[in-house]
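Quick notes on the structure that follows.
As written, the chain order gives the labels A, B and C, with residue 1 at the start of each chain.
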Amino acid sequence: MATRHSRAAARMMMAPAVVLLLGWMLVPLTMTLWFSFRRYLPMRGGDLGWAGFDNYVRFVTSSTFWPSIQATLIIVGGVLVVTVVLGVLLALLLDQPLWGQGIVRILVIAPFFVMPTVSALVWKNMFMDPVNGLFAHLWRFFGAEPVAWMSEASLQSIIMIVSWQWLPFATLILLTAIQSLDREQLEAAEMDGAGPLSRFAHIILPHLSRAVTVVILIQTIFLLSVFAEIFVTTQGSFGTRTLTYLIYQRVLESQNVGLGSAGGVYAIILANIVAIFLMRIVGKNLDA
Amino acid sequence: MARAHAPARKALTTALAWTAGLLIFFPILWTVLTSFKTEAEAIADPPLFLFFDWTLENYAVVQERSDYMRFLWNSTIIAGGSTLLGVLIAVPAAWSMAFVPSKRTKDILLWMLSTKMLPAVGVLYPIYLIFIELGLLDTRVGLTVVVMLINLPIIVWMLYTYFREIPGEILEAARMDGADLRSEILHVLAPMALPGIASTVLLNVILAWNEAFWTLNLTAVDAAPLTAFIASYSSPEGLFFAKLSAASTMAIAPILILGWFSQKQLVRGLTFGAVK
Amino acid sequence: MGRIVLEQVTKRFGDVEVIPPLDLTIEDGEFAVFVGPSGCGKSTLLRLIAGLEDVTAGRILIDDADATNMPPARRRLAMVFQSYALYPHMSVRRNIAFPLRMAGMDKAEIERRVQAAAAALNLTDYLDRRPGQLSGGQRQRVAIGRAIVREPTAFLFDEPLSNLDAALRVGMRLEISEMHKRLRTTMIYVTHDQVEAMTMADKIVVLHAGRIEQAGSPLDLYRTPRNRFVAGFIGSPRMNLIEGEEAARHGAHAIGVRPEDITLSREEGGGIWSGVVGVAEHLGSDTFVHVHETGLAETLTVRVSGETPCTHGDRVWLTPREEAIHRFDAAGMRIE
């Protein structure tokens, strides 16, 4: 429904956004791809020539690779489990009639707006510090030995911090999904004699499955690149060196750009696999 | 649906929900409270909750020692500038997609969203190099552009969904009434979509404000925003809880307030319409 | 001035030809109504004239100037949309003034014209309201006001009354007709309602599948429909169409008789056709009797002036007025 004039105008008006994003995507991507096939050590001689698939092989065979994959999976998986389970429970709770719903919603959502460096530092010091942290006080109050969270339970600590940041997101989306559920369906089920548990299992949960999928996919994409939380807490030590952090260290800390770029290509492929599933769902909704 | 046991049940769910809400909010509350304590009170065991000598000293010290205002200014410029720039680029693009859709519109939109999913670390070094080449490292301009680019897909997407709710006939009426493209967008579309544009701006200011990967890696001193300001407290000043709290409070307060207005947009903006 | 000429105008959406090559002239000052069933291409044709869609081939001339590639803003046409398409964020005053503002007219002149239009349309008291605070009829008036202030070459109406309730529709119909008599500006009016077409038009253009089935004055079309489609579409209740032996007796593939051209008798043998009354609709001034089991068509509709005591199940006898019988050939075209 348009004329040549408006179609021409549309192309013109779309051009800046398309060109910018195309540049933003293609230029660095091409460079990363190029570097990944070079022996490129800026501090030790610069570009030392063609490396073939050496970087790719070395990145995967280095002793740090599998632990980093493991750390990544544990963190992403842990955060997903915590946020989805708690998110469903919280969403169900907030969907009930209660006094001060608006305020509770605000309280629950607030952590999402806290910048990652702040939440990481506040948790690391004020809560998880083994001497003066609030948890240490609490443990001592119950006569237990305070835990040195960041060194002894580093992965759990990071999962906890990141979960706290992402729980609001999961809750909010799941709550939106629950509220879109047809009330009459629930009432019909109740009339048919379904108890609260079977109503949850047979009606609410299936209705939520799509929202849960979306939460999982979107969070996975963001969680795969969790950075600031590790940067200001453990700096990748104590088994918290994720794939993202490993690549960051290779590139900026040890300045082995070729190797880091090969890692970057792996990370991009990984993110794209998740993105494809997400884009399918988004695409379907666009048609509707 | 009033029921006989409703009040008792409501009381129970209220209690549960408030407990959960306060628990989740507690770290923020504790940070704010601690920021008003002395360092000794901050680490007191048992912890002091409300009964301590309230003081503003920490705020003064933080400002004096690290020049909080400069970081705040950088954050404001980067978040505000990138959002403004992004909206200026995204409005025409979203207009095209919403009102002159073609067979490729959907593909372009999905492709734009997919650029959002590019892992930043994968392109860290190229961007770093480009920044050095162009002299953009540690400049507000460079960071504003990068943050704009990473949020542009979300801005385009949100504006597109808002524009699609506006009937095309109204824009056609404007065309019949003699409006050129500029007037059509400026006098008809923009005022009608104002609530949507405002929501988009709000959410993207928040996302830009909290962006931590690029701000940490591409700034040092001059252009460092609040994310970097806080990161500088990671050690050893972090052990001074009261000052850390004051710095943290100052870093999150502005955005926390904006955030409360943007709950609904959060769902629309961050799920790309996959949840309605 | 406002003479609009379409020469071989064609529109395709992809592979679908919505409007095959079409010629049409709308004279200056004429009230032309495009009528046809939904999907017949009448709105598309209007949008082509407006410039909101491109023609695939052919030319559009407005006052002898080639407007084929002119953007809508420069065609000097005003359009009233089905949804009214008022600007919700502007007051009535600013809505009406918008085209004048776009034309860069000076403030005093804009205000004078807005006041005049508002007075003519009974909108003076509502000038400071937003469209959302108005009733459907008032919104319609604002849309018309926005069109007339510009003093356009021609008005285009896209089913403007379809969102109004029946009573308002009749009132607005009269107002638009009066407006046309007063302004004598060319108007092109799209509707699917043949009553609107009959009552308002100087020229009716009946469209079907993008083709012009017939164009002419309302009574022309009523009296001498060029083909079966026009015969069936124009007139209410519809013309009775009869095929088979009875048609063959008249030397045609099908014959058509309008309900008012049949006389009805309740006396045994009081007519050449006979059947059983299904429903008699009593309107007071007229009665429409629907007759079944005639062996000619499923139902024959007969208009009886005034009242008739017919009821369901009565046997009746019918006589068509021989000189009022329309004859059509196998291709559906009229036989003179």
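In this section, contacts are C-beta pairs under 8 Å (C-beta built on N, C-alpha and C of every residue); 3 or more make two chains touch, one makes a residue touch a chain.
Because the structure is a prediction, the values reported are computed rather than measured.
Of all chains displayed, B has the C-alpha centre closest to the centre of the whole protein C-alpha set.
Among the inter-chain contacts, the highest number of C-beta pairs connects A-B.
Taking each chain's centre as the mean of its C-alpha atoms, chain A lies 60 Å from chain C.
Distance between chain centres (mean CA atoms), chain A to chain B: 16 Å.
Inter-chain centre distance (chain B to chain C, centres taken as mean C-alpha positions): 55 Å.
Of all residues in chain A, those that touch two or more other chains are 1-2.
Those residues of chain C in touch with two or more other chains are numbered 51-52, 71. Contact residues of chain A toward chain B in the complex are 1-2, 6-7, 9-14, 16-18, 20-21, 24-25, 27-29, 31-32, 35, 90, 93-94, 96-101, 103-119, 121-127, 129, 132, 134, 137, 140-141, 164, 167-169, 172-173, 176-177, 180, 187, 210-211, 214, 218, 221, 224-225, 227-228, 231-233, 244, 247-248, 251-252, 257, 260-261, 264-265, 267-268, 270-272, 274-275, 278-279, 281-283, 285-287.
Of all residues in chain B, only 1, 6, 9-10, 13-14, 16-18, 20-22, 24-25, 27-28, 30-31, 34, 42-43, 45-47, 89-90, 92-93, 95-97, 99-100, 102, 106, 108-110, 112-115, 117-130, 149, 152-153, 156, 168, 181, 206, 209-210, 212-213, 216-217, 226-228, 230-231, 233-234, 238-239, 241, 244-245, 248, 251-252, 255-256, 258-260, 263, 266-267, 270-276 touch chain A in the complex they form. Those residues of chain B whose C-beta lies close enough to touch chain C in the complex are 167, 169-170, 172-180, 183, 187-188, 191-192, 194. By the touch criterion given at the top, residues 51-54, 69, 71 of chain C touch chain A in their complex.
Listed in rising order, the residues of chain C touching chain B in the complex are 50-52, 71-74, 77-79, 81-83, 85-90, 98-99, 102-103, 146, 150.
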